[in-house]
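Two complexes, one shared chain (subunit A), two partners (subunit B, subunit C).
== the complex of A and B ==
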């Protein structure tokens, strides 16, 4: 018996009861076995996105459940106001990376756990990084970041002749909280509704009509918003973009808001409110985070072990008054720009000879597409590139030369994706180029 | 529901097999703006300028109204489309100084669909038409430039003269306007 195994017999005894015995609530295809716990402890690799309120809870939950290969990514540093609920951080940690401090804390506290921190933006890593995980779990406070992660894991899917290769699926467990409300969901890319399918669920940001805040303010928020939107860019007091974490900046907004409020006989402008409006702060409640992270960690466990059917697929939670939960199946959107698209394969007989205009001609003449005025873009080396858009004069003039270039000259490769927009389709289509000549070479 | 981890024994270690050509995919905002731009159906009074044809997320719109108070003027708007498009509207600023009840001296534009009434089903085209409409029917009810709005409601003739003065370049009251005739 190795030293790692011996204590683990006892250490994970409670989990072993679930993983080594059959039961009436198991996944129909669940086969109890001691190997499953080994998988969790030794090879299952989890990415936790965000090391804030949810992230701290998630890391603690997952680590105590036996997951050892955990990575955590967060671009943020620790702020005093985090300490009431982000319990992996102490006063001495203020100003340091959330991911690093959280990882150190967990590694110190939970023997054998190896949390790897990444102090950067999610956008700093490419698909090689994200592909290396079995499951990704998100505790984020931003819609942009959710959409980015969602788009990333959707882009990792591979289709062979229109059939999804299941080994390219990386399940995403996403949690979110706002005050006493929260939600948890499981996204199985290519199989269940994705973030983009249900984008309408997110409430729009609170915005006030510009004319109201400019001329007929009635609320303290109107005054603050006016100072933020109109006065700051005009006076630019610190010659810098407004930074909600800079006390000088917030102080300036506070003073000007007070003046403006006095002018209109509005009361209720406080420093805290100013901070809230400037940073779009929604009060965070520790217990909500704990519940949602608990649900998410359980889902990660269920997916990793296949011991139970995972959440299908969206759970809402509310403990404003008593406790309320409701689970429903969010449906996929037929025309979801991100997940409904099985990239269509476009066979290219000879990429060195085929010119862009030939490709466009194919799209217009081919029976299946019959496009009218397709606009084509692609990404080359991670950058967007407009291949040809005929409808906009200034773009047409500068992309016209591309028409006579071959696909190879345009930087396109076997497997490159091109985006095609045309009036005949409700959304931009993605085509995956398949060069036939390179197949021959490979054989 | 598929059983996900019959594949679980697979080891994942960073450099999992790279697939040919599986390059960074375009974002949802990118896919959507490509569609919006390709289907821009501009009224004949409007043109767009893309400083970088590869960047569909930032461009300028030039409006030259052919009727109304602002006939013969030329007004430039800058559009910045963010990564959260179409969940959030693009940021639109008027780069031409204009004497207008709904546009202030900093270029802020008071158009409902640019803020509180934005919906993801709206497109760049909707905004273009909204902006064009502002020049045909300035709205004194919800003013950003209060003085201009007051003049418009109390003395249309004077408003028209002020607009002309501003477009030719010069002072209206204490505010100086750059010339913006076509």
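== the complex of A and C ==
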């Protein structure tokens, strides 16, 4: 048998020891057998979401754990600053699709491996696509995207008479890194905590208060932020949106920041600092990605083979000072908006005073919902009514006036249901309005 | 560093700065054993931009390598594994130079005992006990850091072997500010004396930075209490009340700066003490006996020490930075400038001492540049030295401490037993041709010998040993990748001399997804 043919038994000798020998720390239902490796190599279908720092590592790890049916999805193209960690890319690949180049590299390096790339957004696919995978593993850098995938998998669950059909469960392994910190978690839909259950793990980004930036800057960062947030939109120097990778744009911000800093006698504005503030650069190194991806890939392997119990269910990693790790079981939220079967209610203190824009603000700012740009519809008198959708220009213009109308003015009543769509979830969420003001009830 | 290089490393320069990146570029790394574990560790270092690497491996490529090693091209059975892995690792980063030696490390050392001298870091992947001990001894004597990585079934083990490591930039989170309210420098004292919050109207009051508010009320307090700062719980509460009352005097809207002063009031009674990690550095024999051969760290540390005790009343040099404080720009800038100017004074005094020490040891004044002196003055609170443990002196003293989770720590002893077994019988447990559990009893007696040698009465259940036999020294790629990521990052810490390293061992159990770090 030559190497060019199907991989020989010997190639996977390391893995076979784990899969063909029983042991006391295995999954209680694990039955060692050569068929498990065969399943991994021929049938098990994995989706890798993201082909960046974590994605490249995941693809390599999965390919070297025997998986051959791998799909990878990423909408980004390759940049020079990726090359310190996204090792499937070279200088000549700059500008090309990450998913495509990554897939080609793996397929070339590991014969028999069939990575299929998807150069598009995760939102471009529907349930039909996601349903076809055994396990989904994410290496994303966006919380919104994470929530979307989470919402998608939850929407695939089928309940019959309140009992979950286990065949509709697609486990999700999720990894995240930032500098020297990382985390890995295993989500078994319908069983363990989902991304939405633990939304409080993702605190909102800290921003500088506008009054400081505008009136009393003290730090060089305040000066740069002012130029970025106030002067750029006003002066529109290049007739384009600010692009942190455009040296001309950054140069302009740098010049103006120096001027502003000089006005206030503030020192410390450097080109690098400007880049940092403008691009909001998240530090990233190969090693943290390798660690987290390694953990995630091991979990995928464990889930696919049942050789061990999976991580239960959240691991935190930090190697700034020595090595710090902590593993715990994140708990499900009983009334989770996405994964509980509990209908969601919104308490409205005074529906005659509360305007639609206030309701939207609540949906965005409340810790439980943290929506980005919710679009709302409802039914009034048996007919569909669009309350407000900001993402489609014509509808936005048509419904803009609704923002300043009170909920009662819009025809909503105690018990009315509103349907909410948002970037953070592929599903439409239904909320039941509960009015608290007794005046309204009397009407 | 040219623009393209800086762009390539942009995301990591955010972490360790241009200085750190330059240190990486000036380093030479040696990898012993180019298996999956070794190549993964080296890959991370090559991507990070080390100057050069050398691969030492005397084995030839086997079919089983294709099952877990990313850096071997197809069609290379029986070729030198050192050469094959070198080829695919080299092309990861055009800025790094590499080479390979297709010989065993013990053979090399016999003909070239100074082989390792040129390296800044050595990584050993899944080394056998015999090679471990030999190489470990050689590197220990030369104070060349050795990072060992093992991937064994579902378990991984990382061990740092480095006699003495020193760190200036610890990048410690939440380091207390060095306001030094207990001993304001002359210029600051002058500002406090000329500050009269009582005479300000509400608009002016809102512009005062919290540090100045604290200092103002502290001055009042000291006058009323014969120079004694608040000490008891009651006194501290009284002091905080002073601030609160001051803020209420002009009650028009929220006084954020007074709220900040209230939360940070403890700086009024916080004594400017030297952290224990710094004292340890100051007391280290290397700090006293400086010679031409001393590491630059000790010249710098000694200069800071002498400045601290002879020039600055037992206080470390000022960092010269202030956190942001809600205040008017002019007031904040004025306060910041005072701290910056004082810090510059301190730095120049430290600098003079550095030059003096260098000259006394027969070294040129410019042996250490101003940048380094500035760095140590800004980071004097995070100075730390790490004394390692040689492989010959590993003890189970941690048995007495509560290393948690205990069930993960047990693997440390088990892996040692497995290496012990391999040394004595020439193969790892569970890899012979017979039934893999046939090695169980022998492995058990090896473990007993290991525990005995380490003077440990630890009880380890048979299940661990059964699992060890089951693993049969398998090298699972994802486990290796995870462990090697950790090892590589520790390598970067050692090479950049930034961030505190693992001190000094770690076990990762991918069965439960837990890890435990401990000191042997």
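As a working rule, the second predicted complex is superposed on the first by the 334 of 443 C-alpha atoms of A that agree within 3 Å, B and C clash if a C-alpha of one lies under 4 Å from a C-alpha of the other, contacts with A are read in each partner's own complex, and residues count from 1 in each chain.
Quick note on the criterion: a residue touches a chain if its C-beta (ideal position, glycine included) is under 8 Å from a C-beta of that chain, and two chains touch if they have at least 3 such contacts.
Fair warning: this is a prediction, and the values are worked out from it, not measured in the lab.
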{"item": "Contacts of A:116 with subunit B and subunit C, given as first, second, both or neither", "value": "neither"}
{"item": "Which of subunit B and subunit C A:303 touches, first, second, both or neither", "value": "first"}
{"item": "Which superposed partner A:229 touches (first subunit B, second subunit C, both, neither)", "value": "first"}
{"item": "First (subunit B), second (subunit C), both or neither touched by A:344", "value": "neither"}
{"item": "First (subunit B), second (subunit C), both or neither touched by A:29", "value": "first"}
{"item": "Touching partner for A:44 - first (subunit B), second (subunit C), both, neither", "value": "first"}
{"item": "Touching partner for A:107 - first (subunit B), second (subunit C), both, neither", "value": "neither"}
{"item": "Set of subunit A residues, in rising order, touched by both subunit B and subunit C", "value": "212, 309, 312"}
{"item": "Interface residues, subunit A side, partner subunit B - complex", "value": "27, 29, 39, 43-45, 126-129, 131-134, 143-144, 147-148, 151-152, 154-156, 158, 166-167, 169, 171, 188, 191, 196, 199-200, 202, 204-205, 207-212, 214-215, 229-230, 233-234, 303-306, 309-310, 312, 337-338, 373-375, 377, 379-386, 389, 391-395, 398-399, 413-417, 419, 421-423, 427-428, 430, 432-433"}
{"item": "Interface residues, subunit C side, partner subunit A - complex", "value": "4, 7-12, 14-15, 36, 40, 43-44, 47-49, 62-64, 66-70, 73-75, 77, 91-94, 153-154, 170-173, 207, 324-330, 332-333, 336, 430, 436, 463, 466-467, 470-472, 474-486, 488-490, 492, 499-503, 506, 510-515, 517"}
{"item": "Subunit A - residues contacting subunit C, complex", "value": "3-4, 7-8, 10-15, 17-18, 21-25, 57, 60-61, 64-65, 80-81, 83-85, 87, 90-91, 109, 111, 179-180, 184, 212, 216-219, 264-266, 275-276, 281-295, 297-299, 301, 308-309, 311-312, 315, 317, 319-325, 327"}
{"item": "Residues of subunit B defined as touching subunit A within the complex", "value": "1-16, 18-28, 30-32, 34-35, 37-40, 47-50, 53-56, 83-84, 87-88, 102, 104, 106, 108-110, 112, 115-116, 118, 120, 142-144, 146"}
